[in-house]
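The letters A, B, C and D name the chains in turn, as written, and every chain counts its residues from 1.
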């Protein structure tokens, strides 16, 4: 079991390396000189040269990468020129809304999706199953930003139940915070719910058709035990996999949804940085997003080990 | 003659599929007595496994329709509701399957899966249930049962898994065991061990057994009475001695002749039954074996024969059994 | 119609020269820990010797995991042997370069166990039979097609089935098609890896008869791998009994069945349920399971289950001894 | 092959054409029986016809500014109303539809081709597999929109760059699907049989493994197409995709968000089209999955 975790952690090293190389070169192979882009067309050649010096752009590329990479290992993600603070600080200042949005959306989706998926599988082929699947299909087809706009129109403008946009941090009270978060979380949660419902249903159906479920019936177990002990335990492997895998799209969705509702989160940070050509922020933010994705999936891998004894012994193919 | 334990009467099991209704079992009748092992033999697609699963009604509820009667101790269990059926399964009638690897839940220990069967049917404390489970495991001759109790299915060998399956099925001391190809996936030396275990426990518990298999050798070894199935029907029903010494149906005769023997003349060509088993959605009009039968005539092709009695121990479904 | 078979014993004397000689074949599959360290080997095949004689059949028999399939696959170089040699036409085929081996590859063909996965579901059966001829660039397209149709007829499939897909055939028919594919390039040696195990008994006998008929017509040499002693008995002229990667007994078929020597062979023979309720054979029940091939027992590999085990068996590896002409067994009881 | 068939086998050639016809008819029947595939493809065909006919027969231009008619609600003159610059929204939605579908389609095709190559070779060569799959793992770890934004930010917001961004984001998923089904196929006995024949790796990969990965591959293509449309809309909505004044469904929504208080039609109409096209593709994909699944094949036989 220890070996398994160790392997999983070690296997992240090449992925992280590839990611950082990609992030670095993505920005540095940009056509045009970042320094002159940052300073704009009015800048004098001296100013540009000075900034180049300051940004280390005169060094050979591999050396720049090395500097940057060792910086990352020390926890230094660079300096935001537009905001005049370190990238890390800028990131954590914007983390709150995004984190809250992601957690709420994921919470909504898990609470809704897993029971719905199980019921659909249980009632396979009935009206209940069909309606759950139709709703999931529709949910899958509406991008979160579009749903956000529609919700905004309905609850914010027509009915005026909720504030149209804006953000109140948790420190100004739970309800104040939630009032601003309900619509974005719904917008983001629906597509996530749709994905998880479909996954739950199909993996439950897969499990329910296995031989060991037949054995469980032959033993005379109650249906409740068969569903919630035998089937769900096995189906949960696929379900948590999809939770891990969709974490990336959850973050991505959060970024877009934020801009719909003017939440001052990571999405806003990235978009503003792009407008101001603040490359180090873009690099740093993306890198941190990737690291959090990898961390979540590491946890998912650990959970496999808890759920499935076979994983503890050897890595499944 | 003692009272029958299980009496299957004119059982008909059909599935609704995309392309229409398929009848996999068509009018099967047989009887099992306590302490007796009934063999159900036939090739793949003959409906023997569907028959077995019909007895416990384990097939997909939505698409399967059962007709006829399955009388267990005189009561038709096809009329029972879900809850009553649950109490029969595992407790009165138990079942073991061919592939123990996929028939055991991979994420629970052997012990967990056995005690679960106990607590499903009787009120019993955890400790007591554990002890009962370990006792049952040792009865199947598994080595170091206390250790196996805490192990997962993937950690033990195929033979041990099948023993664990048997322990799980028999832990509530059922009166009837349905064994669906219990040794097909095993090597011969392990098969011999498992058959011995089943036989010993049968004597100990005075169970009736329905042994589903394609292997005539296994039938000869463990069964007292045999039902031969072909394309969803019983074509011959006899006690084991008469079946092997006087097979009446041409199909049974063919089957017995075409298996390679470990004695006898081996330079000879093997006897063959020509052709292949027709598909279930295209069953022949007359006798279902007529297209492959060397003795078939116009009557066989057009009129389906009935299961007729030759003597009180032997029945056959053939127009010409007395001539061939 | 089939011709009657010639007397097996006579045939042997006529062609008593080995076509393929396999010596000391070993195949170890390395086991690595999760960190990539080499921690041991699965000794799947551990020093196997046998000869294939022209137009004869050698049967390899044993229970699952004994290494019989790996042996067959090694001869076709589907898996690289760890050690050993296989002399064919005076050359060790294990040492040949891939390119050189490709030239004689068509002499070695294989018939597989699983009729459902041995044919590409997206290829028409005609194309499946033509494929090997294409690979070895034999004949024009027209020749290839003619030959494919002829082969289909030979294995008992109608010509007009040429353009059908595998899923339209039953298991037995697919096995016939698999045989036709193996015959396409005129092989010398055909490795039959459990060719009838997945079939129903009534179909099994059809395929066994076909295999024998084809052997006669095409002058083939078979290595026949099976777990089923009664099937092997029917097919083979000589039988090797394998246990845990080693051949424990080797003898002409009638000799082996008439006078089985090794305790494992005897146990195996007695374990087969006979389709005759009147004979209850005296059973030598061997207890327990086959040990793991990662840590095979010391001394004789069978000693953990042998009913006649002696102290010596636990330490000393028994060597193959010739008991009567052509009958070899590796057991200390023979000393 | 026709010419090479010997005369005596001509009748067999006829069986071949007959079999082909039969199989085609069977496929059509099964397709018509498959509700999901039928509805999905109907939606897609409707959208395509709608967009192409409107483009052909429309006289108003999507770029024509008419300040006098700003933000008019839908009317008989402007079916979908007008936008902030008084441009006809119907014309913009139709043109935007063309742009969005074209971007999505090209990205999907390129992704499909490269994904197939990477997936196949990764499944076959262990060494390549390690490298390619680590790169895919790396790319998959990026939240897709963020990566796409970064790419278009660097390359500049142009339709072609949006295609590149979507392609880079979607290739890993595609490659993984192909790889995982190819790995299963590779273990099948008929591939071992080919090896026993000495078939070249090219033949094995492209003539035998690739055709057997087609069903999950085709289903995945419809998924990629759907998510490419969403991704393009998202990018354009954020201002990192197709640049104004050129319309696309995403940037019409962007304009719509600004005037969301007084012009519902600006978000409603492009929104409906996005939902319809994604829904159509997803339904079609689900239907295809059932249609191409070998299990249902057997049941139908």
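For this structure, a couple of remarks:
The criterion applied here is as follows: a contact is a pair of C-beta atoms (placed from the backbone, for glycine too) under 8 Å apart; a residue touches a chain by one contact, two chains touch by 3 or more.
Computed from a prediction, not measured in an experiment: that's the story for all the values here.
Leaving out only chain C, the chains are still linked to one another by touching in one piece. Looking at which of A-B and A-D shares more C-beta pairs in contact, the answer is the pair A-D. Work out the mean CA point of chain A and of chain B, and you get 52 Å between them.
For this pair, chain A with chain D, the centres built from the Cα atoms lie 23 Å apart. Centroid to centroid, with C-alpha atoms defining each point, chain C and chain D lie 49 Å apart. Shared interface positions of chain B, defined as residues touching 2 or more other chains, are absent. Residue positions of chain A in touch with at least two other chains are not found.
Within chain C, contacts with two or more other chains are made by no residue at all.
For chain D in complex with chain A, the residues that touch the partner chain are 134-135, 137-147, 149-151, 153-155, 183, 226, 230, 233-234, 237-240, 253, 256-257, 260-261, 264, 267-268, 271, 274-276, 278-279, 282-283, 286. For chain B in complex with chain A, the touching residues are 53, 56, 58, 62, 82, 86-91, 94-95, 97, 99, 102-108, 116-117, 120-121, 152, 154-155, 165, 168-169.
Taken in their complex, chain C has these residues touching chain B: 2, 5, 7-8, 63-64, 170, 172-173, 200-206, 208-209, 212, 227-231, 233-234, 253-254, 257, 267-269, 271-278, 283, 285-290. For chain C in complex with chain D, the residues that touch the partner chain are 76, 78, 101-102, 105-106, 108-110, 112-114, 117-123, 128, 131-132, 135-136, 140-142, 145-146, 149, 159-160, 162-164, 167-168, 178, 181, 185.
Interface residues of chain A facing chain B in the complex, by the touch rule stated above, are 124-125, 210-212, 214-223, 225, 230, 233-234, 307-310, 313.
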